[in-house]
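Each structure below is given as structure tokens.
Look at the two complexes coming up: subunit A is in both, with subunit B in one and subunit C in the other.
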Partner chain A sequence: MPNVTTAAGDCFNSIAKAQGFFNYLTVYNHSDNATNFPNPNCLEEGSTVKVPEKQMKAFVLTLDAENKFKIIRKKTKLKVKVCKANVAQQPGMSKVTLDIGGKKATATTGVLDIDDIDASISTATLTVVLSDPPAYAAPPAPSAGTANQYPDPILAADFDDPKTVWPKKGETITWNLQVGSLEPHTVIRGVLQRLENLGFTCPVQKTENAATRRAVKTYRRAVENKVAPNDTDAVADIRAHIKARHDD
Partner chain B sequence: MPINRTARIARTAHDKAHLNRLGVPEFGVVQIQIQGQGGSKSKSYRDGSSATPTAPATTGVDTFHFAPGPQYNVATWAVDNNLKDDVQIVYKLHNPQFAIATARLELFTRFAATPVWTRDLTGDELLHGEHKLQFNAQDNWDGKIDPHTDFPDQFLTVEYSPYKLKLTITGPGVNTSPAAWTYFHVIIGKLELEYGPKDVLPVQPANPEGGIHRDTYDDLITQSATPPAAGGSVKVFLNSDMFKTNGNQMMDNTLFTRYETLWGDGPQIPLFCKVWVKSSANTDIVAYKALGKLKFLWDWESTAAASATAFASSAENYLVNKTKPKGRNCHEKRGGKRASTRAVFPDQAGTAPGAIQAGSFPFQVEAVPTPRKWAAYSYAWNDGAAASKTGVIFQPARMAGDKYKVTVYVDQVFDRKKKYKLNVDTDAPLTSPAVLKAVTGDFQIWRRINLRKYIKKNGSVAETINMATVAAEYAKAFVELKDLTGGVIQNVAQGDWNNRETTAINGLSATRQRMIMPGDQYNKGGGGVYLRTRDQYIEAWMEEAGADLDALGLGAALTPALRAALVDAAKNNPSNEPAFDNAVTAAFTNHGGALTPVDQSSLQGAIDSHWITVVDFMADPSNDMQNDDNYRGIAKIIGKTIVGAAFDPDADANSGCTIFHCDKLHDVGSSLLGWAFDVTNGNGNRCGFLLCATQADHSAGDSIENTATHEFGHHFFLPHTVDAGERKNYHAHDESVTTCIMSYNVPTEFCGFCQLRLRGWDKDALKTKASKNSKT
Partner chain C sequence: MNPSQQIAALMNGVANQPPDIVVPCKKNKTHSIKLLVRWEDNLAPVPMTDFKIFRGKTQYTSDSVAKGKYAEKKLPPGTYRLFFTEIDESEIIKE
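Take a look at the complex of A and B:
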């Protein structure tokens, strides 16, 4: 069988299916694939996956009798969890809908765990309707001060700057999911993809630049609570941490 | 708004547990504060519905303030780059996913929807956590903003304080705290009043009478280098050495008009105010760029108390509670400025900041619009020698006795209609925090007339006028009779005295020259001129008959014995013609035996003619010598001529008064106590007063000081009272007072009418009945 050069959306499950295998392990455990790809679900684009030849399998059949063949197809799952920046918390949500190949799942908790998806489908949509925000509440009034005080007490009403417009209903967030496109955390893009998935504003690219460093710096400040001015803010600095935060 | 995101996720193999966590972007502003020196900081606000995992700080105050811009060194009053009150804009963002797309700092002033300054935060400025906003790579902010019409110096100012600094963020995600803001102030530390430099006053041509603003200024500085503090007072002296040049001017309103010409709308006093700004560490500093076009409201109050003299008090009591400001200062209808449109703080164009220009007032001054239109607004310099200072020309009315208190307020607060808080017509003091005002003590206007010299005829003049007593009387009318003699009393030189008298005597007719007692007039004593009595006069004239006899040219025929007998006949019998005739007959009988009949007849005719001439002259009313009283009248006339001439050249050459003093005008029964005489070339600004009497010549209760006061009063345009023989209908005295110093009665004090005239009031606007000058 020819080797497969991976493209976006490929993982061992999808490759195995495309190559006619019912269990991704057949491919994954072939040759040095497992060594080269520690995570069978995350492949770097352009990687080479070695596909084994299909093996003949002999069966002893009973004549004039009904022989049953049981093909064991291993399922492919999809596990998604909607969270806040603090991944331990979930935002208030009124409805969460996952649509993958017409197969829909709904929840209110933000945890979607579909245990049998078509591994060949590489796009899906996740729609989250957030709970209504709290009603607008005015700011506290400045101190009333004392008689003949100087400076005069602040009168908030004297300032005509535009007032904050608060949404009355919950926001709707729609994720266009590129299923199978998450690359391993060992590559730059894989880290950046995870940052993006976690809500970061971050370019997904193969090289690092100021924008990637700023995202990493944010991660370190906000997640790792590290403010180290001499840090390089390189992707590698957060690689292991974000893998656990996103994947585990 | 709907949010669309992309996520690259992984499938999960059947034997794996890979999870795809999808984070909802969230962000918010936690807080924004300004931190100053010494730990001071402003208070952060945000909507009550805002929420971030980290709660905003509860520290900070609404009264936070700092002093933007560069500072002056107080000692040098020049820029000192080491002095600064930089602050830090500290904000905290909840931006754990770096999802904030825009963050804008906006600085607002009151009543304006448009910010005066904005700054977009970018890059690392949006990172999660706390930031100190960088300006030129430094954490510190000196209050500088981008160019703006209201902030030409690009620094925040007291003028538009308070300020609202607001941080607003947006982005794709859940914005749990879209904005936070803080308020801060730029405030005044204190105000300090001072006199401005003399140079700012107008350059005026010399005027010996007065009216020179710089002279008044010098006098104020001499009294105190700084304006009077609240509760104190200072006298503002207006030199006014102006004296009548003819008698009619005592009756008319010349005093008022000349004083008006001299001092017009009053003296000009440069009042400056040093303005300090409060730093964030609560120290007062000179942040000269931080004032902007802040309005300083200059207000005045009429603080004159009621005069002790009932008439004057009644006249002062004219609409005292109806005018703005109210008070007892001279009302405009009497020539003053109370209720007048003539400004106490006149408009000034001002000059550009830099060096103070001689003769130009540096600060712009304009009248406060209605309703407090008697006050004025001034504006401060933002650079140069008078940076952080403002001021006015304080121009009180010229009316002596008026009293002013000046207050400068910072009129900073305005409402939505741009109406300023202190522009109200309520009575002073205005409600204002103490730090926003500076108050003077009282400026009391005084006229000043200079006493230049005190000169006596000679050392025989024993008494001396107590000038303090005289001055005290004028002080009741707020006129300072300033004694510049230094206590020195000079004597006229003997030679000068005699020469001057001789010259004056020579100018008299022969019949009047004969009144002069021969001899050294100076050495005769302290009297002005020593005269023959009327009898001595006749006797002297009769003695002159000898010359008539000599003129006949009879030679030896006129023996000395005969000549003497004939002269004695005339001299000894000036009022008894038969006796004279008998004496003449006897003279011829006893001494004329050798005479021819013709010679005797000639001598008889000559002696008779002389006798008759003298007798007829003395009896002729047209000669005014028919008795002693008439003779004294002539004596007074020639005495004034001679004594005046003897003293006149010693009158001080400078403007002001000279006192001349002799014991008597003459020694033949002079009743003249004193005399206000016009010195030669007095030009209305030099005058002389001759005291020619002693205390003993005065009635009980009267004095030489009263005489001096009285006679000076004439020079100062005051006429006699009607009952002193002055002509009527000139309306110059309180009709209820008979003991005015300008009367011939034993005086008490100047009547109120006199006092008000001396103070500069309009005589034509006053009635002689006190009650008619009052109005409520």
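Take a look at the complex of A and C:
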């Protein structure tokens, strides 16, 4: 059986299915695959997965009776969590829908699960219908002594009216998800993908440049709260931190 | 080795053994076989999978299980061996 060079969207489930296996563990436990790929759902694009040769088995049949067999398979599951940029909170939403290959999951909270997806499908659609943002607190009533002395204080609600600014209630946001494309955090592309997912816009590439350093610096300032003039702003500086924030 | 070559290799081992003992049945001169193939996790029938059946060392039939079931009647006595040509040995068990 030929070895497989991984492409974007590949995981052990999709590789096993493409090679005619029902259980991804048959491929994952073959040779040194498990050592080379600690996370079977996180493969670096262009790496090599060793695929075993299928082994036949002979069953002696019992005549005049029913011969029962069970095929061991592992279903491919997809779980999506919708959260704010601070990860801990979820946005105000009235409905969120996940659609992959015609299978849908709907929820009002930020976590969606689909138990049995087609492993060969690598795109999904996530749609969030927003609810009303929280109302601002009413301004304090002016006391008699200060009434008409000064103009009313300017409050956030005056220029940031939840009824008029984005996001509005009922507004829909749609994302196209690349399922199975997340690479390990140990490679540059994996860290940059996680930066993108967390809202820090940057190019997803195999090398570092000014744009990636800018994204790393922004991440360090916004999330790690670190501003050091001598920082290299290299991807390696945030590797462990962003892995914990994004994956765990 | 492809599945056919593997089956041939396995059946070569059968050919080297003494001939399968055939005990004529007094009551039934012919027999039947039934196959039921299901998923292990939810016991739902497997939509379709190919197999080959050998009687002794000779291929008797090559067919498919449809909706988890296959049945055949009027089989002559003998030892029948079944191979699922699309399924790895680690992924199928006999109940």
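Note that in this section the second predicted complex is superposed on the first by the 206 of 248 C-alpha atoms of A that agree within 3 Å, B and C clash if a C-alpha of one lies under 4 Å from a C-alpha of the other, contacts with A are read in each partner's own complex, and residues count from 1 in each chain.
Here is the rule we use: contacts are C-beta pairs under 8 Å (C-beta built on N, C-alpha and C of every residue); 3 or more make two chains touch, one makes a residue touch a chain.
Just so it is clear, the structure is predicted and the values come from calculations on it, not from any experiment.
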item	value
First, second, both or neither for A:T26, with subunit B first and subunit C second	second
Subunit B versus subunit C, judged by how many residues of subunit A each one touches	B
Contacts of A:V204 with subunit B and subunit C, given as first, second, both or neither	first
Which superposed partner A:H246 touches (first subunit B, second subunit C, both, neither)	first
Partner chain in contact with A:I173 - subunit B first, subunit C second, else both or neither	first
Touched partner set for A:K75, first subunit B, second subunit C, both or neither	both
Footprint overlap on subunit A, comparing subunit B with subunit C	75
Touching residues (chain side subunit A, partner subunit B) in the complex	8, 11-14, 24-25, 39-42, 74-87, 91, 117, 119, 126, 128, 130, 133-140, 142-143, 145, 148-154, 158-162, 164, 166, 171-183, 193, 196-202, 204, 210, 214-215, 217-218, 221-223, 227, 245-248
Touch list for subunit B against partner subunit A, complex	1-26, 43, 45-49, 51, 53, 61-63, 65, 95-99, 101, 106, 108, 110-113, 115, 123-124, 127-129, 161-162, 164, 166, 168, 171-174, 176, 178-179, 183, 185, 187-188, 413, 416, 431-433, 435-436
Contacting residues of subunit C [partner subunit A, same complex]	1, 3, 6-7, 10-11, 14, 28, 31-41, 43, 46, 49, 53, 75, 77, 79-95
Interfacial residue positions of subunit A with respect to subunit C in the complex	20-23, 26, 52-61, 63-73, 75
